[in-house]
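You will see chain A twice below: alongside chain B first, and alongside chain C after that.
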Partner chain A sequence: MSRLFNHLLVYLILGVLVLAPLGAIIYEALQPSAGQVHGIALLQLGVDQQFLKSLSGTLGMAGLAVLFSLPMGLGLALLLYFVPPRLSPLWEALILIPFLIPPYLTAEAWSLLTGPVGMIEQLTAWQALGTTLEEFLFSLAGMGMVMALHLTPLVYILLRAALENGNPRLLQAARVHGSSALGAFRLGILPLLLPALAAAGLLVFLDTSAEFGVPALLAGYAGVQVLSTSIEGATNVWPVDLPKASAIGLILCALGVLVWFLYRPLVRNNEGRIQRRAPARRVWWSILPISIFALIGMILPLAAVVAVSLEKALSVGLRGSNFTWHHYHHVLSHSSSGLSALETSLRLSALVAVFGMASALLAANLVRKGGRIAALVDLLATLPMAIPGVVLAVGMILFWNAPWNQLPVFGHPIILAVAYATGTFPFAIRYARTGLAQIPPRLEQAGRVHGGSPLHSVLRIQIPSLWPMLVGGATVVFALSMRELVASLMLQPAGVQVISTYIYGNFRQGTIGNGMALSVIGIFSSALILGLARGALLRR
Partner chain B sequence: MPSDAPAGLQIEGLQVELGGRPILADVHLQQAAGSYACLLGESGSGKSTLLAVIAGLLRPQRGTISVHGQQVNGDGIFIAPERRQIGMVFQDAALWPHLTVLKNVLYPLRARRQAVDKTRALALLERMAIPAAAARRRPHELSGGQQQRVAIARAIIAKPRIVLLDEPLSALDHGVRENLREFLHELFAEEGITALHVTHDPSEAFYLGHRVGVLNAGHLEQWDSPESLYQQPASLVVARLGGSVRALHVPVLQHAGKQALIHWEGRRWPVPASAGLNGATRATLLLRPNDLEIDKAPSDAPEATVRHAHWHEGRYLLTLQATDGQEFLAQSRRGDLGPRRWHLRPDHGWCIPVQSSANDR
Partner chain C sequence: MKRLVIALLGLGLASAAHAATLTLYSAAPATLAKSLAAAFEKKTGDHVEVWTSSTGKVMARLAAEANHPHADVVMVAGWSAGLDLAKQGMVYPYHPAAIEKTLVKPAQVSAPFLPYGLDTVSMVFNTKALPAGAKLPDSWFALTQPEWKDRITAPNPLLSGTASSFLVAFVDRYGNKAWQFLQDLKANGTVWPGTNHAALLPVLSGERSGMLECVGHAAVAAKAQGNSVSLVYPKESTIVIPRPIMILKSAPDKKLAEQFVDFAMSPAGQKLVAKNNLYPALQGVPAKPIMAKMGSFKVSSVDWAKLAATQPAVLARFKKDILDQ
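Right, the complex of A and B next:
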């Protein structure tokens, strides 16, 4: 009975979170576009010049992001593997931090750093540098570079894992048998790295083609169109064309699914066969490239955010007389919409972290049993990785705002929680599955044999054993929910804002200081809450 | 055991398939209540699967299982593991790392909503040579042997109807294993708990088991006393568990009751035989080294060639080749190669039917 209930609950959760919006999109994409009486929006895209331009913009931006991020990630991985500096965990943390900064914030920060009145020109003697950088930033290549800065840490993680998985003896054998250092690398390292490089490239392509925030901020000035902004435009700008938005969404989704299916087999073997190897030679000069990456990926953008949050007027620049706490006072004042946005984000993210992990644990238990149904559940649970947030948002509008759907979800902040839960489900289930894989089945069997019911075993054995993994997964889900932008923009009910839409809105309206102040408060408050929560939960 | 008392464990026609592959085929066994029995088998023979099925962790395709007269499996009945009143000791102890030693031991009482008797648990731990101070520790702070003792305490604290032990000693060092083996023997004899112990170590099974079963590729080849298993093995696989043995194909001249008259190397030999021989004209003769006399063989005894000799347990173990090409083993004080006379000792050797499953291998 409890097994049947577990199955039904998992199907319901995945059905509502994944299948319903996807089904709604497919149905809508098969309707005629707005202004057309007949035909199918999906087919009508074939003659839509704007769509074709957006498609080429998306492919270009994603391709350039791959082109920029792979060499950076590879270089950093090789440096830290072969010639790490002293205190390498610290330097590694600096490499990973840019992934934690939402890409739209990096784009905003760099737009503040560049330009004729940007901080770079204010602080340096190179008068032309700011303008040159601005021209680069507001171009297809600039958009690709911002995404590359955000995603290089992912490339680094994948390549570093591949290097650690490799067998150092292969390299030694090549050298002993007459290969040069480069020849040994080609023989012993490169074959291991190629699948990881391909996987990393696909992941960067997938994430960049789904990105909304960066092109929304930069594409307009760059004269570029991409699919994600076209979809948002078709749902927001008159005349609203939901069939067209769905059709473009379906194309973007198909692209994502294709890339995802190419990606999955490449990382299947890349799971924790860490080999013991002799300690690497430590050199001081490897901190130079790492510092340069940290500078452009993290230090300069964060410094810009903090500086702007403390400036009275942007054009006056970094002068003592121009500093003020006004933006912080404004954001933290009792009636501030910024504070309310922060509260809403914290509440929703905490809710999603708890319920998302609980649902993921249910689904992971089902997947662990194996069989066809388990494979289907696994596929559905990881599918949101391939569905861009903007597409998911359109699907949710179509499903929850459908005339036949009387549930009071659309127009209520809870719809944001549903969207966050869908987007973060693949991460949640990954943590739950990894945790479950670490518990020997005998621990649970021992619980059952010695008198524990299935529920008792889950509560008294499984959850306590999984606890660190569950807390880790909840932390990731919380952090991802806090920074989600596009679904929040498209689904937030009237009068409700979350932290990402507040920052984005303020930037678009030119009240940048308030947005940046809330960014700083958001980063610190969520770090503080997560730190305290993790400390308290993991101490148990 | 009185004939009307229910068996501690009764299994009838048990059949298990996993992924379409047969794991257990038509297993029948009956174990007396309060007795200690062992199941011997190599890796993949199905012995752990059998324990999982008895525990209710796996559902069989066919067959019935009864524990102390209560049917727990088969004929549309399936009792969940937690309601079978079973204790189990796993190969790797399977203690819950997030609970203290004491809480691990008390778990079966809590889970079954019985009175949580800490005094009894501590007394049980003391009996297992686990000091009271260690009861507050986490399992990883104990040695492998201590962990396994805690697992045994956990398995018996709720007074189960049967305790299943799945290779509980195999992960331990030799010294600890011997020590724990003796401990298990005494403990279960005193407590009178029915226990089924799975192992791949024949010496462990013969030391502990009043009855020993041999599983081979999912078939229960024999379920008997250790003595019968050694002297009257049902197959070559069973015979090998008792030590070095060779199987020879011989013609049978006559078979009556427990005796067969065979013809081999130009002589007629009366040999103990399985009732299953049943008038067959050919048989498999199982010979152990001590079934043959070689140092004091009569001068007219048949001759064989020593092909190999090595020093083994205080004597030479010879590999001899008969004139028909078949090989057999014998013990001798001399290790020289070449021709030697040999003689089959009276009432030694054991004849089984050629079609016995293991003889095919």
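Right, the complex of A and C next:
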């Protein structure tokens, strides 16, 4: 009975979170486009010039992001593996932080740093630099670069793991048998790195092609179009064309699924093997490339964010007379919508972290049993990795706002939680599965033999021994939910704002200083929460 | 787990039950919608839920929600957008003669709804970021000159209600010359990056020198913050655009919605309108001193009913020919 209930619950969760929006999208994409009486929107895309332009924009932006991020990530990984500086954990943290800054914020910050009266030209003597950088930023390559800065930490993590998994003796053996240093690298390291490089490249491609915030902020000035912004435009800007939005969404999804299926086999057997190797030679100069990366990926953008949050008038620039605390007073005042946006974000993200990890644990238990149903559950649970947020949002609008759907979800803040739960489910289930794999089956068998019910074994055995993994997964889900932008923009009901939509809204519709002030508060409060959660986790 | 699901469902149902609140959808300035809502709540004790975006997105959301309408009262920036909604049969007529009598002259336009304020569009320049040797132009048409190459932005009329009202009026007045002007602007590197703020931001940060068709309240707000911006009303004239406040037919509580509209049109509401850098619609409530006096710049009259009829076709052509979308 309880097993049946468990099954039904998992199907219900996955059905509502994943299948419903996907099904709605597929159905809508098969309808005629707005303004057409007959035909199928999906096929009508083939002759749509704007779609073809957007497709090439997306492919270009994602391709360039791969091109930029792989060398940077590879360089940093090799550096920290072979010639790490002293205090390398600290330097490694510097490499990872850019991943925690939402990319739309980096994009906005760099657009304020560059330009003829941008901060770079205000503070340095290089008069042409800001303008040149600005021309680069407002282009396909600039958008790719912003995404590369955000995703290089991911590339670094994957490549570093591949290096650690390698056998350092291979390198020694090659050298002993007379290879040059480069030849030894080619023989001993490169074969290990290639699958990891491919995996990292695919992951960067996947993430960049799904990105909305960066192109939404930069593409208008760059004169390019990408699929994600076309989908948002066809859904959110009058005249609306939902079949077309769904059709483009389906194409973007198909691209994601393709990349995802190429990616999955590359990382499947990536379990760490702990190896002893001679301590690496520590050199001081390896801090130089790391510092340069940290400077452009984190320090300069964050400095720009802080500076603008303290400026009265943007065009006056960095001057004593232009300094103000006003934006912080405004954002933190009781009547401010900024503060309530932060509160709503915290509450929704916490709810999704708890609810998401609980559902993921249920689903992971089902997947662990094996069999065809388990494979299907696993596929559905990880599918959202390949569904861009903007497509998910369109699907959710179609499903929850359908004429026959009388549930009061659309127009209620809970719809944001549903969207976050879908988007973060693959991460939640990955943590839950890793955790479950660590529990010796004997423990649970012992529990069952002594008369414990399955629920009992979940509560008394799984949750206590999984606790660190559950907390780890919950913090990741929490952090991802806090920064989610596009689904929040498209689904937020009247009277509700979350931190990302407040910041984006202030960039687009209001006072940029207020947006930046809340960004500073948001970055520090989520860093604090993540730090505390991690601290609590390590202490156990 | 089970209890959590039930609790969540309960939460959803519970909040749908007490629908005695008013839902307001509004275009920019967001601060006006929020302060009107707050003042109304304080006065009456009724709750107002606010969603703000740009006119184009408000219109899209109303269309998307046609099956399950959420909004009761809608405030947008372009008069033609309001007339378009009325033509679709979505507007519940509310324009008491008692209020219409008290409006300033340019706000006395007949429609099934009231104007809560007025605004203009103009050219805005960052005086610190002009091209070397350039002077402030006095004509819309000067912006196609080579000295303004890659220096100009404009709001996207698909998003901005004032820009769409202006575009339709401009096309009505100049015909093919207007389309040629837009093509020339595009060839001269002008970009239409989004809403008024999206187009104004690069001007404030000096990446671009100026913006055409900028909505007054955004320009005045930037100026009031101390930015080095200068507003130019072109010699060809601009238009004064009334901003509609409408009650939707789907609003369950028309009395509450009428109360809110009455409040927005009252001296207290109109003072908030003035505070948010718009021209009040009510006689006797002064606009901010920083704003150009009505009558100090050239204005051409507008046949709104005619424009509203051509608006969809003009926007569709703009989207295709100028934005390549």
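Remarks
Here is the rule we go by: the second predicted complex is superposed on the first by the 526 of 540 C-alpha atoms of A that agree within 3 Å, B and C clash if a C-alpha of one lies under 4 Å from a C-alpha of the other, contacts with A are read in each partner's own complex, and residues count from 1 in each chain.
Just so it is clear, a residue touches a chain if its C-beta (ideal position, glycine included) is under 8 Å from a C-beta of that chain, and two chains touch if they have at least 3 such contacts.
Just so it is clear, the structure is predicted and the values come from calculations on it, not from any experiment.
The superposition on chain A brings chain B alongside chain C with room for both. In the superposed pair of complexes, A:Gln445 makes contact with chain B only, with no contact to chain C.
Comparing chain B with chain C, more residues of chain A are touched by C. In the superposition on chain A, A:Pro464 makes contact with chain B only, not with chain C.
In the superposed model, A:Arg86 lies in contact with neither chain B nor chain C.
Legend: residue contacts after superposition of the two complexes on their common chain; A:His456 is shown touching chain B, with no touch to chain C.
Our angle of interest has its tip at the CA centre of chain A and reaches the CA centres of chain B and chain C; in the overlay it is 150°, to the nearest 10. Of the two partner chains placed by superposition, A:Arg347 touches none, neither chain B nor chain C. Once the two complexes are laid over each other on the shared chain, residue contacts for A:Gln225 go to chain C alone; chain B is not touched. By the touch criterion defined above, A:His329 reaches neither chain B nor chain C. When the two structures are aligned on the shared chain, A:Gly118 is found in touch with chain C, with no touch to chain B.
Measuring only between alpha carbons, the smallest separation of chain B from chain C in this overlay is 21 Å. Shared contact residues on chain A (touching chain B in one structure, chain C in the other): none found.
Of all the residues in chain C, the ones that touch chain A in their complex are 1-2, 4, 8, 11-13, 15-16, 23-25, 28-31, 34, 38, 48-54, 56-57, 59-61, 63-65, 67-68, 70-71, 126, 128-129, 156, 158-159, 191-195, 197-198, 201-202, 204-207, 221-222, 225-229, 312, 315-316, 324-325. Residues of chain A touching chain B in their complex: 440, 442-443, 445-453, 456, 460-461, 464-465, 467.
Of all residues in chain A, those touching chain C in their complex are 9, 49-50, 53, 111-112, 114-118, 134, 220-221, 223, 225, 230, 233, 235-240, 242, 312-316, 322, 335, 337, 354-355, 358, 362, 397, 401-403, 407-412, 414, 492-495, 505, 507-512.
Put simply, chain B touches chain A in their complex at residues 52, 55-57, 80-82, 84, 86-88, 90-92, 94-99, 107-108, 111-112, 154-155, 158, 164.
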